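Order of writing sets the labels: A, B, C and D. Residues in every chain begin at 1.
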Amino acid sequence: MLFAQMKKYVLDLKVNTKTHLHENYVLLKFTTQNGEQLPDMLPGQFVEVRIDGSPTTFLRRPISINYVDKKSNELWLLIQLVGAGTRQLAMAEPGNIVNMVLPLGNSFTFPENKRNELLLIGGGVGIAPMLYLGQTLKNKGYTPSFLLGARSIRDILQLKEFKSLGETYITTEDGSLGERGYVTQHSVLQKIHFDYIYTCGPKPMMMAVAKYARNNNICCEVSLENMMACGIGACLCCVENTIEGHVCVCKEGPIFNINKLSWQI
Amino acid sequence: MLFAQMKKYVLDLKVNTKTHLHENYVLLKFTTQNGEQLPDMLPGQFVEVRIDGSPTTFLRRPISINYVDKKSNELWLLIQLVGAGTRQLAMAEPGNIVNMVLPLGNSFTFPENKRNELLLIGGGVGIAPMLYLGQTLKNKGYTPSFLLGARSIRDILQLKEFKSLGETYITTEDGSLGERGYVTQHSVLQKIHFDYIYTCGPKPMMMAVAKYARNNNICCEVSLENMMACGIGACLCCVENTIEGHVCVCKEGPIFNINKLSWQI
Amino acid sequence: MANLNVEIGNLKLKNPVMTASGTFGYGEEFADFIDLSRLGGILVKGTTLHHREGNPYPRMAETPAGMLNAVGLQNKGVNYFAETIYPRICTIDTNIIVNVSGSTIEDYIATAEKIAQLEQIPAIELNISCPNVKEGGMAFGTSCKSASTVVKAVRKVYPKTLIVKLSPNVTDIAEIAKAVEAEGADSVSLINTLLGMAINVKTRRPMLSTVTGGLSGACVKPVALRMVWQTCKAVRIPVIGLGGIMNAMDAIEFLLAGATAIQIGTANFIDPQITIKVIDGINAYLEEQGCDDIKDIIGGLIC
Amino acid sequence: MANLNVEIGNLKLKNPVMTASGTFGYGEEFADFIDLSRLGGILVKGTTLHHREGNPYPRMAETPAGMLNAVGLQNKGVNYFAETIYPRICTIDTNIIVNVSGSTIEDYIATAEKIAQLEQIPAIELNISCPNVKEGGMAFGTSCKSASTVVKAVRKVYPKTLIVKLSPNVTDIAEIAKAVEAEGADSVSLINTLLGMAINVKTRRPMLSTVTGGLSGACVKPVALRMVWQTCKAVRIPVIGLGGIMNAMDAIEFLLAGATAIQIGTANFIDPQITIKVIDGINAYLEEQGCDDIKDIIGGLIC
């Protein structure tokens, strides 16, 4: 696991565009206010967003980096509306300013062999970091494939973008797109031997993926969530139990090799 | 003093129009959502506005009824931007819904003799209740005059509306409109003997007016402010010291005959 | 519709939602907004033996997610209550409970005796926790010994349901609850306000005339809930939970922690209809959770 | 630029703004955001004699205008601090103060002795108020007797500036402050977190693995300010005020109430640059008020 010691910033970014992908998901694209270059960010890292105007939101909210568009100097955040904070954030309009601390956390690691078969598995809003990871892998000369899982066709987001980066497989629980079932039941897992799996999504899904990976001796990295207060390793609120004891998901994570975790799988 | 036992309502009203009268003053005109008639309201009464979206505003904010336009079924609130709550309220846009409890408090009383000379004195945002009072008096066949005081010409608000209701005198501290000085220094007070004075504005101004009224044996009613929590006489937070002891400004006021107050004037 | 009935001593409540003393006037103030008979109970204003003018103005300051007050038990005394207010409100079809405050044991006794004679008042809430009056009772509520003394004295003269309202400004609230339970209290209610303070930096003066005042509202909920949970584990009498309840979910937290009933205070100022919304919200929660009786969730915290 | 220097015992601070233990890591975490040398002081993480894993997850819950935490003093022990962290941070040009926690008097003594040997650490803050560990010190902070005992013991082995951090979960914090003053504490800091709780109504489980945890943030400010004011009136040693300070005006309230210095905790999470803004804000306030020395406002409350 690479521990990214990158300089962090507190930035006021401007909403460039907002797209309602679905009544529960919003894609916000941000840029700097005066055209300065956005800082470097790595796939798997996240930002801590300050939510103004929500009386019940006291702390910042952690949101994965969905994509960094170097050309248009844009940072994309894909937001699922779950509570007051994310709902308020989704009300931001083009031109509005949002305060963020970024980039936070470590990042996904890359295999040495560029010919490795790589599978990026995203479930629900867990697809968010997979887009930037896929793009980065492709830029570096890898050939990523994607496996996206969701409840139904409506919940499969950014499909076009994923398809442009590599082979994209789909499962939906109701069978409305791709294969019916969970990601770990997709037939591609029987057909292709992957060398590396990256995954982000609901914990039960990630645990199922981790179990599959372990059983098949596949190197696997997961992106964990946790309740966060500071996001920078200062408060020790966001610990995950690992073979090295309690470590902070916000600093030593959110990306963990499954061999480091003490998951019962 | 008439104690208005009027039925109170909790209503969601819709912003019809918003006018920035000045960078520090906003006039919001509200109407009901589905065209129902607004409840009856009396001049001098106020509303308690819930402020959504201001993280630092916990309680409702009391705002005087500036005007009730029966024809267009509109309630007007004139708001001075002083803190987080009023600033947030001023961000309401046409179509937005604002929750209010209304109508609250007692009201101004009217002399028996319709030929009495009546003077309505407003200072700063204290002009707010004077507009509705003036209109009501005029409707009832009285002839109200107005004396408006402010720092400078820019702070004299709704002048056109006042002029349409009666003779309107002005003082500004810098002399940029009307006579230079404070309201109690206006020459009209030397020329005309008023039988009744109604006043609302900063406390020092109201005390000066009350002193003038007392010295000249003029019946005088003032509209008091106070820190309010409930606005309906339930919490006893908003007391004024009167000759009858502590009474609630929100219920037994905000309008008081100066003879009832224990002001040292 | 789930069964929402609960009991506090001999007191039967149609649902666990009551209003907190000092925040709901005598109930009448809210009659325009809600059907008062839907409430489990109304705790009327703090009542003392004699008329009290309360503290000077200013008495209120807003704080983050809360407010400070220093009303200081303004009321016209128990006789005025009995003669003028009681006849007006005794017909409301709910439990009208009088919050009794005092500066001496004799005051408490005399006030409780007077209230005991009012047929339609089934219970009193003994306020040994008002922080806003020099001898306003908080001193009684901050040690087991003085709390026991006053409860013992009032218990002798007051045969109906006796609720004792505890102060949160103590090291160990459960100890005090145990002490008053031992003297025959039928129930304890908690929390009263936390002692707090605010300063106007421009004038360099306190925001309240009394310098310190009582903190209430959403901000105190975590502390209140913790104290209710600790107290529920320590006593066998029913506990009434309050402090910062702003919505049905907050109320349910207190019930899960073990409270048999709850009171809503400051939230009434922000939404005068909140009590009814909380009753409806508790019912909706019970249905969602497949419970047909409120008792299924009281004390239902899994830990 | 007004003079912002203040003194706590022998400790000289370039300004009264410090960071609260457990909320600022070892300072390094904030080096990207602010110039650490501008701070009056940095209180590093609670340090214990031995390595501690802290409490299980979940350790944090958001509350109205605040948060609960149950970190439970996770740290690698004093030796690790001295060997690995101290060399890295001792060159920061500000006062680095170690917050010392323990479960026994012997632990406190041993840890304080180790820290005493670190030349660049001019002071310790004795944490007798951590609510998140069974024997985490809060027991020491809730009675005058136990507080005296531990302070007396540590005072014997620790010659530099000794600050004692008090628990707000007590009936009378000023009494405890007086007790530790009598044992030779150079200063008291208050408040640590209020003991609170939150429940997830869907799962019916506590939000924290330890059920109860420490409440901090804006919501506690009124209580903290009141306690600081009470304590300042009771003791002669300098008082360090904290609890819910979110901006310069909040900090000034504590200074007016009598605090010689202040600490900023939870606010660092919401704005990592808040400490610098508070320093600048205090300076601006002093200029506005026509004061050229911070001492003109310390204890300047008019009441």
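Everything that follows uses one rule, which is that a residue touches a chain if its C-beta (ideal position, glycine included) is under 8 Å from a C-beta of that chain, and two chains touch if they have at least 3 such contacts.
If you're wondering where the values come from, they're calculated on a predicted model, not measured in any experiment.
Enquirer: With centres defined by CA atoms only, which chain is the most remote from chain C?
Expert: In terms of C-alpha centroids, the chain at the greatest distance from chain C is A.
Enquirer: Can you work out the whole-Å distance between the CA centroids of chain C and chain D?
Expert: Computed value for the inter-centroid distance: 34 Å.
Enquirer: List the centre-to-centre spacing of chain B and chain C in whole Å, with centres computed as mean CA coordinates.
Expert: Computed value for the inter-centroid distance: 36 Å.
Enquirer: Centroid of chain A to centroid of chain B, CA atoms only: how many Å?
Expert: The computed centroid separation for chain A versus chain B comes out at 54 Å.
Enquirer: Centroid of chain A to centroid of chain C, CA atoms only: how many Å?
Expert: 48
Enquirer: Can you tell me which residues of chain B touch two or more of the remaining chains?
Expert: 55, 57
Enquirer: What parts of chain C, by residue number, touch at least two of the other chains?
Expert: Answer for chain C, listing residues that touch two or more other chains: 63-66, 218.
Enquirer: Specify the contact topology among the chains shown, as one of line, ring, star, complete or other.
Expert: Contact map by chain: ring.
Enquirer: Mind giving me all the chain pairs that touch?
Expert: A-B, A-D, B-C, C-D
Enquirer: Quick check on the complex: what are the chain D residues that touch chain A?
Expert: My answer: residues 22-25, 29-30, 32-33, 45, 53-54, 56-67, 69, 71, 74, 217-218, 266, 268-273.
Enquirer: Going by the contact rule set out above, which residues of chain B touch chain A in the complex?
Expert: 52-55, 57
Enquirer: If we count contacts the way the header does, which residues on chain B are in touch with chain C in the complex?
Expert: Interface residues on chain B, with respect to chain C: 7-10, 50, 56-60, 101, 226-241, 245-246.
Enquirer: Provide the residue numbers of chain D that touch chain C in the complex, in ascending order.
Expert: Residues of chain D touching chain C: 63-66, 68, 142-143, 169-171, 194-199, 201, 203-206, 211-212, 215, 218-223, 225-226, 229, 244, 246, 249, 252-253, 256-257, 285, 297, 300-303.
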